[in-house]
Structures are given as C-alpha cells and as structure tokens.
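Letters A, B, C and D name the chains as they come in the text, with residue numbers starting at 1 for each one.
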Amino acid sequence: MAVDESGQAFHHPIYSFLEKMPGLSLGLTTADQLLTWGSSNSLFIFPMATSCCGIEFMAASSGRFDLDQIGSIPRGTPRQSDVMVIAGTITVKMAPRVKKLWDQMPEPKWAIAMGSCAISGDFYRDIYSVVPGVDTFMPIDVYVPGCPPNPDQLFAGLRRLQEKIRAKRNGEWTDPELRPDTPGLRSPNLPRIGDPRREASLDEAQLDAVMNLDPGGGMLRSGDKS
Amino acid sequence: MSTPDDLASLLREGFDLEPADPLTVDRSRVVELARSLKGIGFEYFSYCAAAHYPATDADPDRTVVEYRLRRLPRDEVAFRVWVPTGESTPSLCGVFAGADWQEREQYDLVGTVFADHPDLRRIMLPEDWEGHPLRRDYAIDTRHHPWR
Amino acid sequence: MTEYPWLWGGGFALVLITVLMGVAAWSIWFERKFAGRMQNRPGPTQVGPAGLLQPLADLLKLIQKEDITPTNADSFLFNIAPPLGLLTVLGGMAVYPWAPGDWVPANLNIGILFTLSIGSLVTIPVWMAGWASNNKYALLGAMRAAAQAVSFEVPLLLTCLVPIILSGSFRMGDIVEAQADGHWFALWPPGPGAVAFVLFLLCSLAEANRIPFDIPEAESELVAGITTEYMGMKFGLFYLAEYMHTLIASFMGASMFLGGWDGPGPDGLHWLVLKGLTLYAGIFWIRWTFLRYRADQFMAICWRIFVPVSLLTVTVAAFWRVYA
Amino acid sequence: MAVAHSEEAHEAPAGPVPTVVRPWADPYLDPETYDPEGDLMVMNLGPQHPSTHGVFRVKLWLDGEVCVKAVPYPGYLHRGVEKLCEKLTYVQIPPIVDKNDYVSPYINELAVNMAFEQLNAVEVPRRSQYLRTLGAEMQRVGSHLLWLGTFAMDMGGALGGGASAFMHTFRERETILDCFELWTGARFHYNTLTVGGSRHDVPAGFAEMVRRTYETIRARTIEYDELIYDNAIFRSRTEGVGRVDAKLAMELGVSGPILRASGIDWDLRRDRPYAAYGELKINVPVRSAGDSLARYEVRMAEMRESIRLVLDLIDGIPEGPICALKPVKLPGAFKGKAGQAYVAVDGPRGELGTWVIADGTERAYRLKIRPPSYHAMALIPYLAPGSTLSDIIVTLGSLDPILGEVDR
C-alpha cells in the first residue's frame, strides 16, 4: 500500500491498475522496502551543535559510542544531510539561521531535538532571548531529553527515528512523539507546530524573517536567473 | 590585599581619593585616572561591568560602571562611576583597546551610554532589539515576535 | 577480439566500470572500518554483517534524496558537472592493461599521454561545480582546485616521463612489459625510479584531493568545498569520482613503477590487483594520519621541491637510458 | 620514563611580533572607504561552521584568500544568564553557571561559589579546599584534551588525520568524565559545589580510579606529541601563525594560556592563590613566541602539570568536614549579606571572574561573569587581517573559545 506524506493511504487510478497486475505489487513492495531500508540505515547528521549538548554529540561520534556504527556520519553542509540534530539552546538571533538551514536540507529529512534546551528551552525558556523549544518554528520527529542527554540516549533517539521511518513507509501509524515537558515551568508563549491554536500568520512571519535575513555580503551573482 | 605605595600616592595626590575597593570617581576624571594608572603599570584591563539602579527617593534612575585594572602579577585596582540615565560617561577605548567590546556589551545589556565610543553597537542581541535586558524594569520574559 | 575493436572495447569498458564502481563503493566501507581501527572505534557494524551493506544503504539513500538547484546557481553547469567529473575520471582507464596479452580496452600507442590528459581534465568539472553553485565556499574550493591542478600537473607529468624514457614507449602495455621478470622501475635502475614513484604518489594525492593536499575540499575551512551545494546522487557522483581517481592513481603507480601484472609465480591480473589495492590502502593510511597543508605552503612545496627533483630524476633516467 | 617532545620550547620566529597596521585592521573603519569598487569578497564565517567551535560569526573581507578585515559578531548563544542569575537564589545559581563554560563546569561553579563565600565571609574547610583543587585540576586536563582534539580537527578536517587525534583525545576525556560521574553522579554539569564547601565527598575507590586514569593520560600525552607536535605539517601550519602581541593582549584582558604563550608569566593560581593552591608548588609554563605553536606548548605543559598536581593531591587530601555550612537544598534557604565582591580563578582559558553585588536577600542584585573567552575573541579583528582563511581557522582554534562563555 502506498502512503502519502502524512502517512495516509494513497489511491490513484494508475496505482490501482498497477496493483492488479500479477506480481508487480510484490516487486514494488520489495523495492519500496529496500529503499526504506536504505534511507533508514544511512542517516547523515547535520549537527546544529550550539552548546553543551554539542559536546555530548561530539562524544557520541567519538570512539566509545561511535555514530558510524549505525552508518551516521556528521556532515558540515545541510545539503548532504538527512537528520538535523539540534543540540543546544537556540536563541532569537540564531533561530532564523536554524530555520534557513532546515529549509535548505533536501527531502526526505528529519529532525532530532537533543537536550532540554532544544526541546523546551528548559530553564532558559523564560529568558528574553531564548526560543522556547525549536518545535515552535520547525517540525521535530524525535525528542531526546536530558541536560545534556548521555550519548547512548542520543543513540536510542536515532534508533527510534529509524523505527519511525520504517513504520511510516510501511504505512503503519506511528504516534507522534510526545514532547517531554518540564513540570513547574510555564508553557511557551508560542504554540508549537501542529498545535491547533497556532495561527498561519505566525508561520508567515517566521518565514518572512528567514527570507529577509541579510547577513551582509550578498550573493556572488544575483537576479539573472530569478 | 594591601594597596601598593605608588598607587596610594597617585590616588591621594592626583585625585584626592582614599584607596578603596572599589574607588568612586567622578565621570569627568575617569579617563584621566585610567591613563595615570596605565602610566604606573596597570596595563591589564580586566573587565568593565555595569549595574542598573532604579530611581529611589534619594537618587535618580542611574547605572554604576565598574572598571578593574591589574598590574601583573599581583596588584589590582577597581574604580566605578555613577551615570544617571540619559547622560553618558566617557569611554575608555582611547586608553585600553579592550574597553571596546566590554563597553559595547554593557551598553547592549544595561544601557549605559559611553560617549566617544567609536563603535557603540549592540553586540549580544540582534541589532533591531528594543530595550536593555539587564535593567531592573525589563521583564525577563519579554516577547520577541515571531520567535518567542 | 581484434576484429571487433568497438565491441571489445565497449564490453570491456562496461565490465570494467561496473567492477571499478563496486570496488570504489566498497572501498568506502573499507576506509570506514580502517579509519575506525586507527581511531579505537568499530566503524560500521549494524548494517549487514560487519557493516558490509553500508555502501548499498548509502547509495539507496542518496538516490532518494530531493534534487534542489539553488536559486541563483547556473543550473546547466551545476547539473552537468558531477557526471562529467566521473566521466573524465573513468576515461583514464580506457588504455589500461590489466593482464599480459590484449587485456586492454583500447590499446593506444600514446596511452599514457591519454590517461594523463584526461585525468587532468577533471579540474574542469570541479571548477564548473564551484562556479555554478554560487556559493563562496564552493568558489574558493574551485579556485584552489584549479591552482592545485595547474601546479601539480607539472611534476606529475615529469615523473611519468621516467618510465616512458626507461621503457622507450608511450604505450602502457609496453611500459609494463619492460618491467617483466622483476625489473620494476621503482627498484631498477636504482635512484630515479624510486624517487619518481614517491613523487608520483604524492602528486596523485594532490590530483585526487586527498589529505595532506585536500585543500579544495577542506572540511574545516570550506565546509565541504566544491560540493557544498550538491546533494543526493550528484554529491554521490563527486564522492565516487574522488575515490575512483585515487583508485586509478594507485593502479597507475602499480603498473608504471611496480611492474603491473608481473610478480613471482604466474603473471596476471591478481598481481596488479594486489599491488594496486595495497597502494590504495596506503593512501587511506596517509589520509587518516596527517593534517593538511595550507594552500600557499603546498604550492611552495610543489614548485620548490617536487618540480626540481622530478626534473632531476628525468635527467638521470635519460642518462641511464643513453649510457647504461 | 620518556620525556614529552613539546617540553622544549621551539625557537621563537625571528623579528618582533608584527603589530597591526591600520587602517586595514581598524575594527571601526568602513570597508567602503578602501574598497570603493567592491572587489573584495565578503564571507560570513559562521554562525554555523564546522570550525568556529560553536555559533560564532566572523564577517571577513577577503582579497583572494587573504583576509583584509574581520568583524566578529558574537551573541548567537546569548542566553541571558546574568538576567537569570538576578531572578534565582544563591542556591540555584551554580547549576546555571555550569552551562556557561560547558567544557569546564567545575571551575565555573568554583568561581561563583568563591564569590558568594567572600561576600558572606564563609570559611571553607580544609578538606573541601583540597577537593576543589583536585576537581579543578582534573577538569583542566579534560578541557585541554577537548581543545587538543578540536584544534587538530581544525587543521586535519573531520575526515582526516585531525579526526584521528580527536578520537584519541576523546578516549581519554571519557575516562575523566567517568571519574566525575563516580564522584558527583553526572558526566558534566555537576552542581557539586555549594556555599561553604562541596556537596559530594569522594566515594570509595575514587583515588584508585583517578590514579589509574591520570597515569594513563600522562603516558598518552607523549603519544599526542608524537602524533601532532612532531609532525612537520603541524609545525608549518602553526609556527608563526596568529602571533599575539603581549601588550595588546593585556589591554584586551586576554589571560590564561594565550597570555602565557606571549611571554607574560602570570597565573592566578600562583600569584593570588585560592582554594588549596597556596600550599602547592605550581610550575607555570611560559613561552615567548606568542604564536599558535607556543599556545600548543603552553597548554600541553599545563596539562602535564595538572596531571602531576592531580596525582600529588589524590593521596594527600586531609580529613575533615567537606562543608562549613549545612548544605541546603531549598532554593531560598540561604540569605547573603549585602555588599560586593569580585573573585577570579584561573580556568583552563584564563581569568574566570565573578562580580557580584548583593543586597542582603536570598538573591544577588547583579551578577556578572567575566569570561576569558570573550576577551580572547576580541583578538580576532587584530589577528585575522593579513592571514589566509586557513590561518584564521587555526588561530581561532588555538584561542580555544567556548561560545557558551563568550555569549553567556
């Protein structure tokens, strides 16, 4: 069974016709499983390592834990990565950059929020300059709680992500990961992505801020192809 | 830590100050004091820090700026100036290159204005930020559309 | 086979490319395991037995990735550069003798010149990629690559002159045959061959952008160098081309200086493969041990040391050829 | 036992340290005035770049590959720690400052707690002083190991020899974190120090574990020298690169290994002793060259010195209580006296100070962290002009910045 982006069953006349052909669906399913196996076993990581969790991310890629075991290697450019690991606090000044890099990553892509700062802002969540959780501006697939999480917890998170990728491609329902919440602290001002209270104008404002980001310097060539 | 003799005599004779930690000097003489201290070997610029005091019955709304210099390896001296809000204090950039970033940071966070600073821009917060977060009347959870 | 040169060449090329691609892909697995051993870590273990299926998973992942052409990029050059890069690298294998006899796809009498010239063409796709990406890191990487190619072509060509002079032929097969029965140029005549062999390997490292001369793709400076804006299979092609280039350089070194298919016992493909892959692993070893030179230092090394020394070896080889 | 190779100082490069020539390096000058044609390429290094050690941004004007002007933009990790410290009580502050310099959290805790102790005139028991010294020195080794790995990676790339050095130093760093985990229960962010002493006494078997760990590391430092220092490529990449003028460094408030590599013999541990350092003999390594290689030598020598201190200390910790006051857990249980204090300790990156104004409640009125990295990063506009992009990366790595501390 084919599924679309949101995990729902997908019907199309051509597809139904193909499904009736003897043997073809078997082949397609096998091919699909093979592709799923490939994409879930070769997760190149874009480390958005800003603070303490970045050090634990480095520890995870070092000898004792070794991300390379499950085929994950850190890449420096978002274009060649599949998973963005947001390891550390994201500030208001950094947030548009993070969103821009996330938008630059080619599909299929996933995001892991590593550490409580990335998940909810933790004890910085009430601070004027800290974004209360990265899921207020980009979708997150897996939350890895901890301050900072141990490297093996990051591994567990990557394993969860792999299972999620396989299940979704097989058309199975996966529960959206519950965001761990810190008791006793107020919830963030902004509704998260997927929250029914979230207004479309907020998305637009955030996208606007990203598009109007001017770091200075500009393009090498501009305008001639737009 | 006891005050070294040359420092004590410089302060007493040049500036009418008793050695203390920290000294309090008038805004008009702070650059002169820094230059004299540099002259007797206090060449290490340790930090510049400011704190905000809201208006009380006795005093207006103001900030205090403290500088600390060291003469390596052991001696150190700290002096502070009081700056009423809305006025400025002379910058030490002309004396110590390190005052540049330090004063920018205090301007950014506390809001003290340093006169004659060559590059008084925000350093920690985005350029379009409003307000100075370390002032006592600044709410810690101030919102900043659209990110928080 | 000689009655149908086109058929022979085409079939040979098809088999050769398939095998070489496989070897290059699985050498990535080997490199990851090898680097892991050097760094006290296991390397890939989970995907297939001992992580052996890791390159397959990477490949399947890469072909599924979305293909984005950046807005201000030159889309034609941007898209044509990766296949062109692989093509120029693969072209070098066309004149390569694999075993005694006619085991060569195209037996050119100027084989070695062909290999060298088509191998140096790889700079052009690299430059195209860097220019078309409209990315400053990529542009800097491309500039560095061009400067590097211009400099390192000179000693590379000069070192290749040594076996040409000693064997008296431009044909790859003749060069290998001249070394039959253990008269490897790296050993005999003593001096020029050995020096030229070392220089050839170093220059090949530079040509293939490997550490310590990998400045066009200096991860810590230029993020990913020329491939910064490339994704999916286009990036995969560049990556594969880099490994292919290294592989071809190792086989070139093996056949020009180490006697090619010659060896104790029966001659044949097995000796060539053994020698080539040993050199290939040696290049990995160098890569995972050394740091990287700065661009200007490394140009200085090229022009101040490599070029004079290679000129000297050519002269010595010529004198040997004439008087000995 | 074999002697480590970097013990001997390398020859200082001939000639004086090149001083900055204005106007190219003038941090305030608008590039428009010397580049009216717009020929220079403006490159934003960071905030997300593999070699900026976090989220640091430098705007570079490049002429070819040579930098003409550099303007740093910190603040991408500004988390408002100082504002938060105004809102939290004295008991709640140490776990917050742990996150400032996340590579040496123990020394951060030490700095704030010493400031609070000076403010309230609390005498710390002798055993706790020794434990603090032990922890600080253990942490310094871990911090320098991380620096060594990342510094090598700046030159060798994530897919090359640098990564090998990185993996080796992280192997040792993990064992140090294991020691701390046994002691305080956390890999980092310990929250183990409190006003008046420590919360956790050393557990059984700790001395044995620390001795084994640090003796291994002492043997391995020689291997690092063989792998990195003896390598001609490393020498040529670092020698004469990023030379820091001592006068300029002092004006900017640069401290720690960077200042010591520029020929200034100053170490707060020796010159204004705190904790138990007054009772110990500390050799302070000094180099005069001021380049990246000198900074490497100073850090390696410091690392060996710290290992020696750890191995000396671990057997000589006096008996007694570990905390002068009853350790409190309720946030509001500790009330400070009014006043002001500035206390500086010598962290792995230099003078780590805490300036605190208290008004007699359970909260500090104003607390400023004086981070050494922030001062070191102010060197960038002076060091970058005239060097190539590759050299800027090396210089940045040799300054060992921790961005959590720069931006706070």
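Everything that follows uses one rule, which is that contacts are C-beta pairs under 8 Å (C-beta built on N, C-alpha and C of every residue); 3 or more make two chains touch, one makes a residue touch a chain.
Just so we're clear, the structure is a prediction, and the values are computed from it rather than from any experiment.
Peer 1: Please work out which of B-D and A-C is bridged by more C-beta pairs in contact, and write that pair.
Peer 2: Output for the comparison: A-C.
Peer 1: Quick check for you: compute each chain's CA centroid and the global CA centroid, then name the chain with the smallest gap between them.
Peer 2: Chain closest to the assembly's C-alpha mean: D.
Peer 1: With centres defined as the mean C-alpha position, give me the chain B-chain C separation in Å.
Peer 2: Computed from C-alpha means, the inter-chain centre distance equals 61 Å.
Peer 1: Roughly how far is chain B from chain D, going centre to centre by Cα mean, in whole Å?
Peer 2: That gives a centre separation of 25 Å.
Peer 1: Using mean CA coordinates as chain centres, what's the gap between chain A and chain C in Å?
Peer 2: The answer is 37 Å.
Peer 1: On a C-alpha centroid basis, what's the spacing between chain A and chain B, in Å?
Peer 2: 44
Peer 1: For chain C, which residues are shared contacts with two or more other chains?
Peer 2: Residues 39-41, 136, 219, 223 of chain C each touch two or more of the other chains.
Peer 1: Multi-chain contacts only, two chains or more: what residues does chain B have there?
Peer 2: Each of 124-126, 133, 138, 140 in chain B touches at least two other chains.
Peer 1: Which positions in chain A touch two or more other chains at once?
Peer 2: Within chain A, residues 62-64, 76, 93, 127-130, 217 contact more than one other chain.
Peer 1: Any two chains that touch count here, so list every such pair.
Peer 2: A-B, A-C, A-D, B-D, C-D
Peer 1: In the complex of these two chains, what residues of chain C are touching chain D?
Peer 2: 35, 38-41, 136, 140, 143-144, 211-212, 214-215, 218-223, 287-297
Peer 1: Mind pulling up the chain B residues that touch chain A in the complex?
Peer 2: Residues in contact with chain A: 124-126, 133, 138-148.
Peer 1: In the complex, go through chain A and note every residue touching chain D.
Peer 2: Chain A reaches chain D through residues 48-52, 54-56, 58-59, 62-64, 74, 76, 88-89, 91, 93-94, 97, 101, 123-124, 127-130, 147-148, 150, 215-218.
Peer 1: Touching chain C in the complex: which residues of chain A?
Peer 2: Residues 34-35, 37-39, 41-42, 62-64, 66, 68-71, 75-77, 79-80, 82, 104, 106-108, 217, 219-226 of chain A touch chain C in their complex.
Peer 1: Can you list the chain D residues touching chain C in their complex?
Peer 2: Chain D reaches chain C through residues 41, 43, 49-51, 65, 152-164, 167-168, 171, 227-228, 231, 233-234, 236-237, 388-391, 393.
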